[in-house]
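Each of the two complexes below includes chain A, the first together with chain B, the second together with chain C.
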Partner chain A sequence: MAKVFIYPATSLMLSDLVARFGHKPLGSALSVREHIQAGGFDSPPLQITPEDPKKGLHWAAVEVPSGVRGRMSLYGPLIEEAEAAIIIEESDFAFGCMGCARTNELLIFLLKQKGIPILELSYPKSQEEGITFVASIKAFLAGLGGEEA
Partner chain B sequence: MSRPVRIAQLTCGAEYSGVQNEIAEAARAVDAEVFYPDISLRDLRRDFGSFGLNVKSPDLKLAIARAEALVTGKVEADAVFIGSCFRCAEAAIVRTELRRYIHMNSTLPVVSYSFTERTTSGTLLTRMEALTTIARRRALLAREEQTGITMGVDSGSSTTKCIVMKDNEIIGTGWEPTTEVLRSSDKVVADALEEAGLTMNDIEAIGTTGYGRFLIGKHLNADLIQEELTVNSKGAVYLADTQHGPATVIDIGGMDNKAISVMDGIPGTFTMGGICAGASGRFLEMTAKRLGVDITELGPLAMKGLSAGVPMNSYCIVFGTQSLVNALAAGSTPEDVAAAACHSVAEQVFEQQLQEVDIREPVIMVGGTSLIQGLVRAMGELLQTEIIVPHHSQYIGATGSALLASGFIDRKKE
Partner chain C sequence: MKEYNPEYVGTETKYVFVESPTTTPQDLAITAYEVAMGVMIKETCFGVQVTGTPEEVARVVDRLRKLDPFHIFIKDRGFPPGDERRCRANLGGSRPGYLGHEYEIGLSRFISHGLKETDTMKPDDLKKKAQPIRRDEPLEIDELLSIIEKEA
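After this line comes the complex of A and B, so read on.
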């Protein structure tokens, strides 16, 4: 089983695909769940406090906007943990949405820096492309080892 | 009990900067609630496309679609808060354009702000208070004449001011540097009453504003305790006799600066905040002190000088003072240095704050710094317009308070 970072990190479909093929998806659900299950509920909706953008300084300098650093405090640890990644470019909002373009550029860069296996795909625009899309993901995940669904 | 004012939140990064709770708390403190305008995925695709600003960040696309929903009336709100991360260029473009778009296409009051993780509810409080006042008290803000005998007290960070008005005329004034808040307030109230030839029993209604408004409001049992954004804009258009149509009010204060775009005496968009001390009235006080002149002499001195030959443009009061000392040591005249200091403050307010509001003529400068002619001239040159400085401009908050307080006389009688 490999730990696979998914992009968009909020994509439930992508997360489900990775889990179905026997791997551990690393996405928003993990890091956000950790935050909102922590004691107290001081800063709804995500329970991110001003401390989190400071943790984000590990991945982005102080002149980088606080929203980028706050996001990096969620995704940075997951990137460090990742053994592989699937990146879907220009995906539809309904497939998964990552709010900040600057954060997105940074985290894709950091993933590529790691030298881990990465599958980069464009979001499908037709049924045929959709079939090829899922087949590509399946083949990539199979190549990482683990059980098949 | 009135229903809470509903403030639509159009932001990018607030939740991830850890300031969402601060925004909500600031709203709660003034009996308002923030909410995200609900839109469908279809609306998001269509509205963002029709707006025509092709930004990359989906959260900014969402903010644009939400703004369209507010302007077209698909979602109802009483006011709008636009916010994004400080230092994000993409968001700054969207923030400016959305503010302008909402201001031009609706009557919703708008405030925009760029936050960091250090932004607190206290920083946002005055802005939220102004938003709720505009939404809740439009009838009160529409008042154009002062009636009866009223008093306004402005407890500012540097000075405390008091005005007594009777039948639409100023009949008493009081002015003191702010030391102990209540003592300074008592002194200006006594001075203004003495000048007016009245006693406290003659006063029919009282309004307070400024940093110490809550404390002195309670002390004086005020009828109106109001933040300075709405009060100052009201006072400015009243004294400048520009109550109808557009106007822009600029107040460079001792601790923070305000720029307010006004329509028919009611603020539409506004910005407030200290940039750094190098762009405040405090820097001009320092300059006067270093030049060995009283602050009242700085303006006339600056009018005799030319700023161009003296390099001075620091946000920081320490570096600004350093430039000042260097210029004097290099042989610059006090007149030129005074002019450069005025230009430096005006330029920074122009660059940092006036970009956040739509400058529409007439431009009115108020507050104590508006008496420094060199500063008014420098601002006029930057904005390429003739700036109006109304009479009693240093009493703007107190005058606005006294004017608005007269709206409470009839209510009391009822």
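After this line comes the complex of A and C, so read on.
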């Protein structure tokens, strides 16, 4: 079973397909869960404390805005763990503020720098593309080994 | 700042979405209650949320997926159900993150079709089908200008 980073990190479909075909999806829910289940000071909404932008320094330089570094404290540990990644290019719903946009760019850069197997594809817009989408993911995941669901 | 005492430590929550012509969220909820054995089930308009220890949750969601494997989609959730920071009962209006689900559920019919078609495919056929999706090139700016001039 490989740990597969999914981008967009909140994607329902990628999370489902990776788990369905016998691997572990690494999405933002895992980091958020870790944050909100840890004690300390109340810091809503995501329990991001002033410590997190400092942790983010591991992946982004000090002159990078704290918003990006705070986000990287969620995504950075997942990238470290990742053994493969599936990226959906130009996904509309990953659109957000400048902090999100810059973090997304950094995420994709770091994944590519890591040299792990990466599958890049687009969301399907027809039934035929649906077959291509699922077949691509299934073939990619089968290539990573592990059991098939 | 005040002290924070987290709830449901050591549990995980999973969303179970259904978008099917034959299975309803209510079917999911009834089946989930049948096999819950103490696991927390939260009914929603799109399916259910299941909260418990990782082993318990895996047992429940595996059973739910069998109801309609090509039309049920499952993902992790960071917050437990009813968390004041996310629950729309406290916030008013849509829950943050709901728009992403709404967007992807709109594509689920294509993915369900893909799952059905690839279910019995052999590895060689899968590789043949796994070609990158080609999109039309965006319209060249010069071409757009010439269209505008022609129409003007």
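The criterion applied here is as follows: the second predicted complex is superposed on the first by the 140 of 149 C-alpha atoms of A that agree within 3 Å, B and C clash if a C-alpha of one lies under 4 Å from a C-alpha of the other, contacts with A are read in each partner's own complex, and residues count from 1 in each chain.
To be clear about the criterion, a residue touches a chain if its C-beta (ideal position, glycine included) is under 8 Å from a C-beta of that chain, and two chains touch if they have at least 3 such contacts.
Note that the coordinates shown come from a computational prediction; the quantities given were computed from them, not determined experimentally.
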Worksheet item: Is this a clash or a fit when chain B and chain C both end up on chain A?
Response: fit
Discussion item. Which partner chains sit in contact with A:97 here, chain B, chain C, both or neither? Use first/second/both/neither.
Written reply: first
Practice prompt. Could you tell me if A:64 is touching chain B, chain C, both of them or neither one (first, second, both, neither)?
Written response: first
Fill in: Arrangement angle, chain B at one end, chain C at the other, chain A at the vertex (C-alpha, nearest 10°)
100
Practice prompt. State whether A:4 touches chain B only (first), chain C only (second), both chains, or neither.
Written response: neither
Discussion item. If you tally the residues of chain A touched by each partner, is the higher count for chain B or for chain C?
Written reply: C
Worksheet item: Looking at the overlay, what does A:53 touch: chain B (first), chain C (second), both, or neither?
Response: first
Item to complete: For A:44, select first, second, both or neither according to whether it touches chain B, chain C, the two together, or no partner.
Response: both
Item to complete: Considering only touches as defined above, state whether A:130 meets chain B (first), chain C (second), both or neither.
Response: second
Practice prompt. Using only C-alpha atoms, work out how near chain B sits to chain C after the chain A superposition, in angstrom.
Written response: 5
Worksheet item: Both chain B and chain C contact which residues of chain A?
Response: 42-46, 93
Discussion item. Quick check: in the complex, which residue numbers of chain C touch chain A?
Written reply: 1-6, 8-10, 12-13, 15, 17, 65, 73-79, 83, 85-86, 96-97, 99-101, 103-105, 107-115, 117-118, 121, 123, 126-127, 129-133, 135
Worksheet item: Where on chain A does chain C make contact in their complex?
Response: 8, 10-13, 15-17, 19-20, 25, 27-33, 35-47, 92-93, 120-127, 129-136, 138-140, 142
Discussion item. With touch defined as at the start, can you tell me which chain B residues reach chain A in the complex?
Written reply: 12-21, 24, 41, 44-45, 55-59, 62, 84-88, 90-91, 115-118
Fill in: Footprint of chain B on chain A - complex, ascending
42-46, 48-54, 63-71, 74, 93-94, 97-102
